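What follows is a set of notes on a single structure, which appears directly below.
The chains carry the letters A, B and C, assigned in the order they are written, with residues numbered from 1 in each.
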Amino acid sequence: MGEDMVKQDVVIKKKYKKRSQIKSIMFRYKKNKLAMVGFVMFIIMIIIAISADLIVDYEIDAVTQNMKERLQTPNSEHVFGTDEYGRDIFARIIFGARISLFVGLITISLSLTGGAIIGATAGYYGGRIDNVLMRIMDIFLAIPSILLAISIVAALGTGIFNLLLAMSISQVPRFARIVRSSILTVKGQDFIEAAKACGTKDSRIIIKHIIPNAIGPIIVQATLTMASTILTISSLSFVGLGIQSPTPEWGSMLSDGKKQMRYYPHLVIIPGIAIMLAVMSLNLIGDGLRDALDPRLKN
Amino acid sequence: MSEKLLEIENLYVEYETDEEIVKAVNGLNLIINKGETLGLVGETGAGKSTTALSIMKLLPEKVGIIKDGSIILGDINITKASDADMRLLRGNSISMIFQDPMTSLNPILTIGEQISEVLELHNKEMKKEDISKRVDEILELVGLPKERKAEYPHQFSGGMKQRVVIAIALACEPKLLLADEPTTALDVTIQAQVLEMMADLKEKLNTSMILITHDLGVVAQTCDRVAIMYAGEIIELGTDKDVFESENHHPYTTGLFGSIPDLTKATKRLNPIDGLMPDPTDLPIGCAFHARCPKCMDICKKNKPKEIKKGSHMIKCHLY
Amino acid sequence: MNTPIIQTKNLKKYFKTPKGDLHAVDGVNVSINKGETLGVVGESGCGKSTLGRVLLRLIEPTSGSVYFEGNDITNYDKNQMLEMRKNMQIIFQDPYASLNPRMTISDIIAEPIKVCKTITNKHEIENKVQDLMETVGLAERLINSYPHELDGGRRQRVGIARALSLNPKFIVCDEPVSSLDVSIQAQILNLMMDLQDEMGLTYMFITHDLSVVKHISKEIAVMYLGQCVEKATSDELFNNPMHPYTQALLDSIPIANLSSKGNKKRIIKGEVTSPINPKPGCRFYARCPKSKDICLAPDLHLKEIDNNHQVSCVLYD
């Protein structure tokens, strides 16, 4: 049969067009207004973070101390006021977005990937593999994640790469647990056996049949991790293992501001709002994504 | 005529959600006499369980609403009874057995505790020793050794659990027992045991029973009267003889019988009813069955058929 | 014509449990000829579903062999098995759990084709899917629907279409109509019988519903606690049940007419005993109304009593 014949055949036969999966997910996502708000917010933040250099000057506004102008409340010259070293908070928020969002997103993706691989392997294969992997994860979980991150950074040395690695490793066990438990609930269902019955490879079963059905709790955990990550960086910075001052970063701005909170509340309110907006937008995106991926919620 | 126990008149039940209104029961009339077993037969979505829940007044709050009609048990109008009155009624005058014995028992209470709980609730002045004596009696009644009352539900098999459920339902000797597919989850040999036991018990206690099922075989073996439900209405009602042996039937009943493979004859092909149940959010005008009916006439598409009675046999169809 | 397409020899599957070995399938010999249907009946826990899965090697047997068209598939390696899977498929009981809720109907039906790469052209796959949907009586407009939007009967049709997508020769039907309403059940049974006539399919029909199994099968095997206790053609089994368990089973079926109402039936007492480390001898001993001491003698095999009628019971020695 020639290619033309086939195509002609197709034209006659197809009364109903098959809709692709990605298109229908996009369609469902777009219908969700809150999710779109979250998406737009997040895009704006990313754009601001990328184009920070065009808006303010890093050296002059964000890093250089200017003791004459310290601790100003928001005014026409400094929209968000200045901190205790006289640096413009607006500029520091904009540049801080780079570090905070970057570290947050990378940490989520690294720990999610690691956790998903470990959790999926443990949950799908079960038995001894499951036992060994999850007991190792339990050991990690027994150590508070901040302590774990501190010891990893202390061992590897400071630096943004090591920081990312430390933060990701400390989050991996949480993801592994969640992925594993989600997989266990899906694994026993008949459609997995149906897939096995036609010879589907394990990797395809996990990716195509199990993960999509177990994605809900994973997404929720991922969006929640964003907030804790930003705050963890600040704690690490506090003990001198995170981002080194004077590099602006939301978490440390928040914890530095605490000292003056009583008299200058804007020092904590403004980075607090920034963190909140970032987390909220991600949460909205996560919720929207979870609903869009689930065709059962379509109205 | 024997004494009337329960009378349902012109019952309408709807489930209202934000998006749609599901018309589950549409104008149901039913009378149950003392001591008789009525089989309520129909497919999924016919409104069988909704009818039972309406009698118990256990419809999901704010969603399931009795729109019209009355349910009268003895001298109590259930549709108008208060919650407190209903609590007294449930378990005492009416009991219900659910389909799944695995989930209708509390896994952390012993079965003895679960049976005595019902007794305590409805017999406040009864002494502890009397209650425990009564528990033993009831267990014996459903064919379980009384030594096992200290055991937990997971120590029993499916058939035994259903016996426990029945024991709880019968603890207060209710006047009416609603059994919602009591044997569907059980194996045939166990089903036979449970059905036999239920029939014996009913004799002993003179309880009326509504047996809800989709299995015509079970109905034929246990029921005195049979009601066939379709789309929230009873479309055929009569004694077992009327439904199983008479010539005249509602076309839906004929279809149901055509769908079960006959064990006594070799059949090449089954004669099922084409199509599906009508959507309960959007019921057709006229007879609800007309779209699937092989004997559909013009009038069926316009007018709702009336109840046509011939002695004890009622058929709701324009054919007669 | 009478060549067995699938045959088992002394097939066993023991599951390890903390309390001991659970004998799910214990030495079962069955064979099914091409284009015929073997009905497997038994109560829950008798190992009938395990038997179906072991035949397809979805569960590895503990010992014994499965022959497909004369070849022992139990020692096939992964690649040979992959090739083999195209020939044998399975239809599940629960049409709700057996379809991936995140995939559309057409994706579900196309999945086996994509996995086995029997067709690679995208348009041809779509055509094949539509042909299959037509075959099983699914409207074309449903291709973008998700399983939760369909009722039980239609879902089961999707399950059948998926099983047919690789043009198998042999299908294990694991209680395919048990969760459906009677009128829908009849529609599906008719469909399955039509498909068998058209495509020459071979079925192994696992069910607990005796009236269904009589209707669809040519031969019936009755299982009790992992063993096949009686095997005969369908008419023979119903007219002349020999094993006490089969007799009790047939007596327990509620029949939809009044002629047998009120008759005292031979209802067997007790419940299925534990399949973990069963005692030697007849497994039905504890419940059997005709049990004798010799029933506990260790070996019991299916014995040919009559033409095509095999029973495993000491009463017929």
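Simple rule for what comes next: a contact is a pair of C-beta atoms (placed from the backbone, for glycine too) under 8 Å apart; a residue touches a chain by one contact, two chains touch by 3 or more.
Since this is a predicted model, take the numbers as computed values, not measurements.
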{"item": "Centrality ranking, top chain (CA atoms only)", "value": "C"}
{"item": "Farthest-lying chain, centroid of Cα atoms versus that of chain A", "value": "B"}
{"item": "Between chain C and chain B, distance of the C-alpha-averaged centres to the nearest whole Å", "value": "32"}
{"item": "Where chain A and chain B are represented by their mean Cα positions, the distance between them in whole Å", "value": "53"}
{"item": "Distance from the mean Cα position of chain C to that of chain A, given in whole angstrom", "value": "48"}
{"item": "Multi-chain contact sites of chain A, meaning residues that touch two or more partners", "value": "none"}
{"item": "List of chain A residues in touch with chain C within their complex", "value": "6-7, 9-10, 13-16, 18-19, 21, 24, 189-191, 193-201, 204, 208-209, 212-213, 293-296, 298"}
{"item": "Chain C to chain A touching residues, read off their complex", "value": "53, 56, 58, 81-82, 85-86, 88-90, 92-94, 97-104, 106-107, 111-112, 115-116, 121, 123-124, 126-127, 130, 140-141, 143-144, 146, 148, 159, 162, 166"}
{"item": "Contact footprint of chain B on chain C as seen in their complex", "value": "43-44, 151-153, 181-187, 189-190, 193, 208, 210-212, 214-215, 235, 238, 248-249, 251-258, 260-261, 265, 267-269, 271-272"}
{"item": "Touching residues on chain B, where the partner in the complex is chain C", "value": "43-44, 157-160, 187-193, 195-196, 214-222, 240-241, 244-245, 255-264, 266-267, 269-274, 276-277"}
